[in-house]
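Take a look at the structures below.
Two complexes follow with chain A in common, the first pairing it with chain B and the second with chain C.
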Partner chain A sequence: MSDQNKRPTILDPRNLSAQLHYRPAGNPPPATLDTTIGNTCPGLEFDFRAAWRTLLGGVTLLEHDNLVIATEPAFAALKGRRLLRVDGKPVITKVIGPSTDLTTTELLTSEDYPHGVVTMEWSNGFANVLRKVGQSVACDFTARPQEERISYEQAVKDRNVQAFQLQIRPFFTANTAAIEPATVPAGVMTQGLCSPWQNDYRECVCYYWASSRPDFVNAEVTPTGEVRGDNWMQKERTGTYVIDNYEDTRMITYDDLFQNWEEALKFQLAGRDAPDAIPLPFPKDKA
Partner chain B sequence: MTSQPTTILGLRILPPIAFGRLGSSDTPMDNYSVQHDPNDPLGYRHLAGEETFLVDPASGHIVRSYVPDTLRLRDGGKIRPVSPFLEVWAITATDRMEPLTTSLLAANGLTAQSVVWTVQVKNSKVIRRTADPKDDVPAAPKPFNDHGNYELRGAAANFTPNSAISLGWVRYIRPTAEFPQIRLRFTPGKGGVYGPAGQNDPSVPPANRIYAPAKGVGWYGWRNIDANGKQKTPETLGPTLYAIEEPAPVWINQGDIVSRGYLDDTCDGIVTVSVTGKPTLTATARIASAPHNFVLDAGFPRTLADDLEQALLGPTVDPNEPHEVTMQRTEEIMRRAFETVRFMNVPVLNNNLVKGRPNLADNMPVNDAIDARRPSEPAVATENTDTLAVTRLHQQVLTTMRASVPSWFVRLLRQPEEIGDLTPLGRRKMPALMSGAEGRYMTLTRRQISFFRKAAESALFRPDGSKDVK
Partner chain C sequence: MTARPRRAPPIPRAADRVQPDAAALLAASAPRSDALHLVEVDGDDHLFLVDGSRLFRIDSDLRIRLERATGEGRLAGILAELGLDGPPLIDDEPVVNPPLHALSLAVSQACNLGCGYCYAGQGSFGKAPRRMPLETAMAAVERLVTGAPEGGRVTLAFMGGEPLVNRPVIQAATRHAVALAAERGVRVNGSITTNGTLVTPEDGDFFEEFGFAVTISLDGPADQHDRLRPFKDGRGSFDRIMANVAPLLKRQRRMQVSARVTVTPDNLDLPGTLDRFIADGFHSVGFSPLLRASAGQNEMGGDALLVMLDQMIACGAAFEAAVMAGRRYPFANLVNALREIHRGTHRPYPCGAGAGYLGVSADGALSACHRFVEDDSGAMGDLSTGVDAARQADWLRERHVHRQEPCRSCWARYLCGGGCHHEVLGGGRTSCDYVRGWLHYCLETYLRLSDARPDWFAGPSDAAAAP
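And then the complex of A and B:
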């Protein structure tokens, strides 16, 4: 985390990392990138998956899948096809797990993964080709529109692969740490987030963003070694954790959040519900 | 003594991305810092007051700077918003940039009024679902070089006449002799819910009932299924993510999914600064508004900063980075991981039996069973998921890492290609029990993983044979 206001007065314009992390005077930590969450499913501050949708020149990808949902006219034939590899690297991976009797490992297939493969997130998937901005790279697509996600190996076997050379669009404005507006216009970074955002605090549980939307608070160890505490989303603090259930009236509801989120959601400090005014420094004797 | 260059060669806005955090108080949140205790590296972080600006609401200049002795989160039940400043910096040499001030402007024959701001933000959540351009909510005040507080008035063709959503405010802070720097301040929206006009919906305040089309015509009553049972627009996730009529949530009550027609006052967009000269120079930055992160003193193992640093600098750390710096990075990631797990009821999220009964909470093992039809069982051995045991495990790992990162540790980190590995071993890799962007198990960025790899390798192969960490 950017813990201190150690602000430089001079910077090297070539030091883009320093610019990215720069914290102006007056800005508290929640204004910074360091206090955001990066597992965007779809996210809290940004649906960062959307930032990559148009990185490959000529096509628009779905935020969370390898499906081409729109194209420029020159690439119209690619609409509805699936991206399989970029610059020789697969963008999908297998879903594997134990068999029903727990004796062997097998490909897991389901309605979500009919062919046992999942698309990897773009942020890690495109990390290497970002070094090739402005260059054309080989992109392997299915040779025809493909409703269901399939593996590259399956596509090869089915003679269902066609390579195109696509240019990598600039992600950052040249020589800066600013995301390029032409590649990621206004509105794109938040368009995939919940509408309204309050809905997501009821819908998504803490395993998405526990340090922003916590789960287990006011925790204490009893003399017998048992850990007691509250669910952050329970209305009354009893010291008895209520397992989340959308129909449990002890929990904050969707409409509680729509109508009164500012009262319902409690800030946390040192693992406990924070008062509305915190004397600084905190704690008094250490900071 | 040599004089410093004063010719403005280029501009930057810093930071390149700033977040406002929603709140309906009229007073922004004061500034503070969050620091870990070197003597208690996994203890709760400490808060201290930091330089805060008081801006005059009428003139837009900074009245004074102070360090708060109290961090106020709410005023009369209203949460204080986070209203970030964006600074303009001037490049004056190939290796030098400095804050743009009125004196630097004057040295170039310019004034504060030579600085022009252009702001465009949008809330495109509804158009992303309906694909109807009338549902897009842009706000773009005319370019300005004065110091008024400009409302980001988000209007849409599908709103009732003359109605809008306030997506926040932007203000060019009036520079003074005491505070001569060129700055913009972004104040986000108040966190309101907006919805259908003419409906007596108690979750939408009367003044916010502005969405005009009748139920079933647009966003209000929206069903994302056509007559053939196909999605009209691709969902942003497997299931949908917006307020729907009861019963909700959608993945439990798989029924007719009907939108309540709600919108919010979040946004993201572009700030452009121009300085009129020969040539005119420009720079851009990005602003966005979001709910607060409600834990004041914890970090998350993977942040947008980690992703953007990877995008800027590449997926592997510089092999020449000093070992101590890399070690600090790995320790900070471990600290953030611990701070995250501390707020998770690990036995419940591991899908253990609770008091001898099946645990029906929403968690990753349940998702594995529903999404991938994996046989249902806890991800981690249940006897290891006591919250105290997990805490002690992280303490031991951090203590070990402070001596040196063992080479086997990297194998415990989940690789990006392993997100679909739902084998017992695969699910126990780190970070454990957390969802990633794909809805499967979370990974760090490749660059973060490379920190651990480098730390482990250099611990083994330091050329001078010296001890790794003091």
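And then the complex of A and C:
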């Protein structure tokens, strides 16, 4: 991979494909669509969803929901209400899909989503107003605190909609692809991670890591065509994959991770454990 | 009968007629690298990266390094340093089993005009004139709509010959397609390309009801058009067409009525034609050079293409002035090129022919597109047995731009896609200089307008829309 931190010159992406594939100086390799890990849930690095929580001036949203969880004093009345639309565009949607018996297409509901309404991921929900930085736009909220998610149509029917003018705060620092620290202060994107963060290795031990972190490692094809290998989280590399169970003593435990993650976990190079002789790039934290 | 030009202007030699703009464009757009192209606008340097059609502003130091590295054959290191390396966005693999999303029905392989240049041999494709039976059209509709996924969108196009010779089949097929699509949650776009001589106000009602894209073939004002597109008995067709089309131009809301101009050495006054048709109320106006005529007549050679490039630039200047002033000026060639450059369109084929788009002959034979009707070189099976998967796979493998010469070394290959298959297979690539010159001009225009009027690019993607 090239090192763009050494980039000596102007390279200003002008059209959309150039912007889409552009990796600004300082961004890590998995910063473009074709190299990134395909999920937005809390990962070990950061929770990108949290970056959007304060895009609308005066209110703080939950990172995964349209609920207002905090406000500045001028908007105190909005706490506990739900955001329905921004600048005329909905931030929630009804989930419609195949029924469980695959015979019809219907509104999909569940205990958590009795109205079949979900909040769109904020980077989509706010995409249209990013270009209106500094402007006030109409934001439709429920007219009263609202525990369950409801659709905009239902809110209109219930006379449960109230519009407020909120200012769009800058998401990017002007003329850069850097997230604006005034809107997203340091720490915001990591504060929602597991605490301690090493839990994530245990919680998401298998069937989770995308291409950059295979969970089936040291794989080899035997002469009979069988594939043998190890679970990345098993303590002893036996060549026999151990199905994960946190109570199984063959697996790395929470305590192992909290106390000794640097030695318990192994780097993977080309799908295989890297030699232990690779020195750590930083001094081990004795604390 | 073949139309004879009554007033054919001589084709000027490039040296004594061409304005410096076109000649300069040809020099600036000449192929130097298969990986990049450099564009200077108003003193600023820009890099067009062929892989992904990515466009960057760069500084002069980098331009000098890129020029030097191109000459010395060591571009790879600089591109890696810039973070522009990595696996190519288009590889050598052909498209595999593309889903069908558009069919063009040759509902009439007969025509009442006698255009000398017609690729379809005055409409009949070299065979006895015939019309598509209703059951053939219905079978085509069912193949198109039932193969589409729920929520998908398909295009049902009617061409010929002159399709309105077979009006009842057009109407029945459209109604059937829309009804069948509604049952399946599929959307249908209707389109028709017609010579306009048979269009009635009732046709306008029908096209409006179903939101058709209506393309009228017009080759300029009366004197130019009538030389090129007369009735078979030699009479001019322009006045009849314009009288027929006038009610549609007034009526268009859902439908869009556009003019398509085939450019020959006999009708090279493009700015005049563009202004005239825009003033008439056409939704958009597009120009296409005649590169391959079935009788070899009136084809555009190098000098004529150079004149055309000059004319296109003049049209582009009018477009640019209009956009800057916030006026609509639907010069389709430039509108579409700017939209594609803005997106960074990059594709290994010039169009969907032989992939998601197929032609259907009056007899129900499938072909790579409407131009390959009755032509074995583009045969793709038939409606009863379906797409010939082996022939389609061969086509997609052979037509991939990585297998075309001199495309493989051309910076414009993913914008151009290698040129119209029908024209290339019939007569080779004769317009590469013109295409590159035009695309270079479009890149320059994009860079100017995206600075001056970014709102235009954020507007609706309607092919001819302007703020």
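We take it that the second predicted complex is superposed on the first by the 203 of 287 C-alpha atoms of A that agree within 3 Å, B and C clash if a C-alpha of one lies under 4 Å from a C-alpha of the other, contacts with A are read in each partner's own complex, and residues count from 1 in each chain.
One rule holds for everything that comes next: contacts are C-beta pairs under 8 Å (C-beta built on N, C-alpha and C of every residue); 3 or more make two chains touch, one makes a residue touch a chain.
These numbers were taken from a predicted model, which means no experiment stands behind them.
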Based on the superposed arrangement, let me know which partner A:13 touches: chain B (first), chain C (second), both, or neither? both
Is A:131 in contact with chain B, with chain C, with both, or with neither (first, second, both, neither)? both
Is A:71 touching anything from chain B or chain C once the two structures are fitted on A? First, second, both or neither. neither
Chain B versus chain C as contact partner of A:96, first or second or both or neither: first
Is A:215 touching anything from chain B or chain C once the two structures are fitted on A? First, second, both or neither. first
Under the stated touch criterion, which partner chain does A:119 make contact with: chain B (first), chain C (second), both, or neither? first
When both complexes are superposed, which of chain B and chain C contacts more residues belonging to chain A? B
Pick out the shared contact residues on chain A: the ones touching chain B in one complex and chain C in the other. 3-4, 9-14, 16-17, 20-23, 34, 105, 131
Touching residues of chain A toward chain C in the complex: what are they? 2-4, 6-7, 9-18, 20-23, 34, 105, 131
Contact residues on chain C for chain A in the complex? 46-47, 49, 52-59, 61-62, 80-83, 85-86, 89, 150, 341-346, 446-447, 450, 458
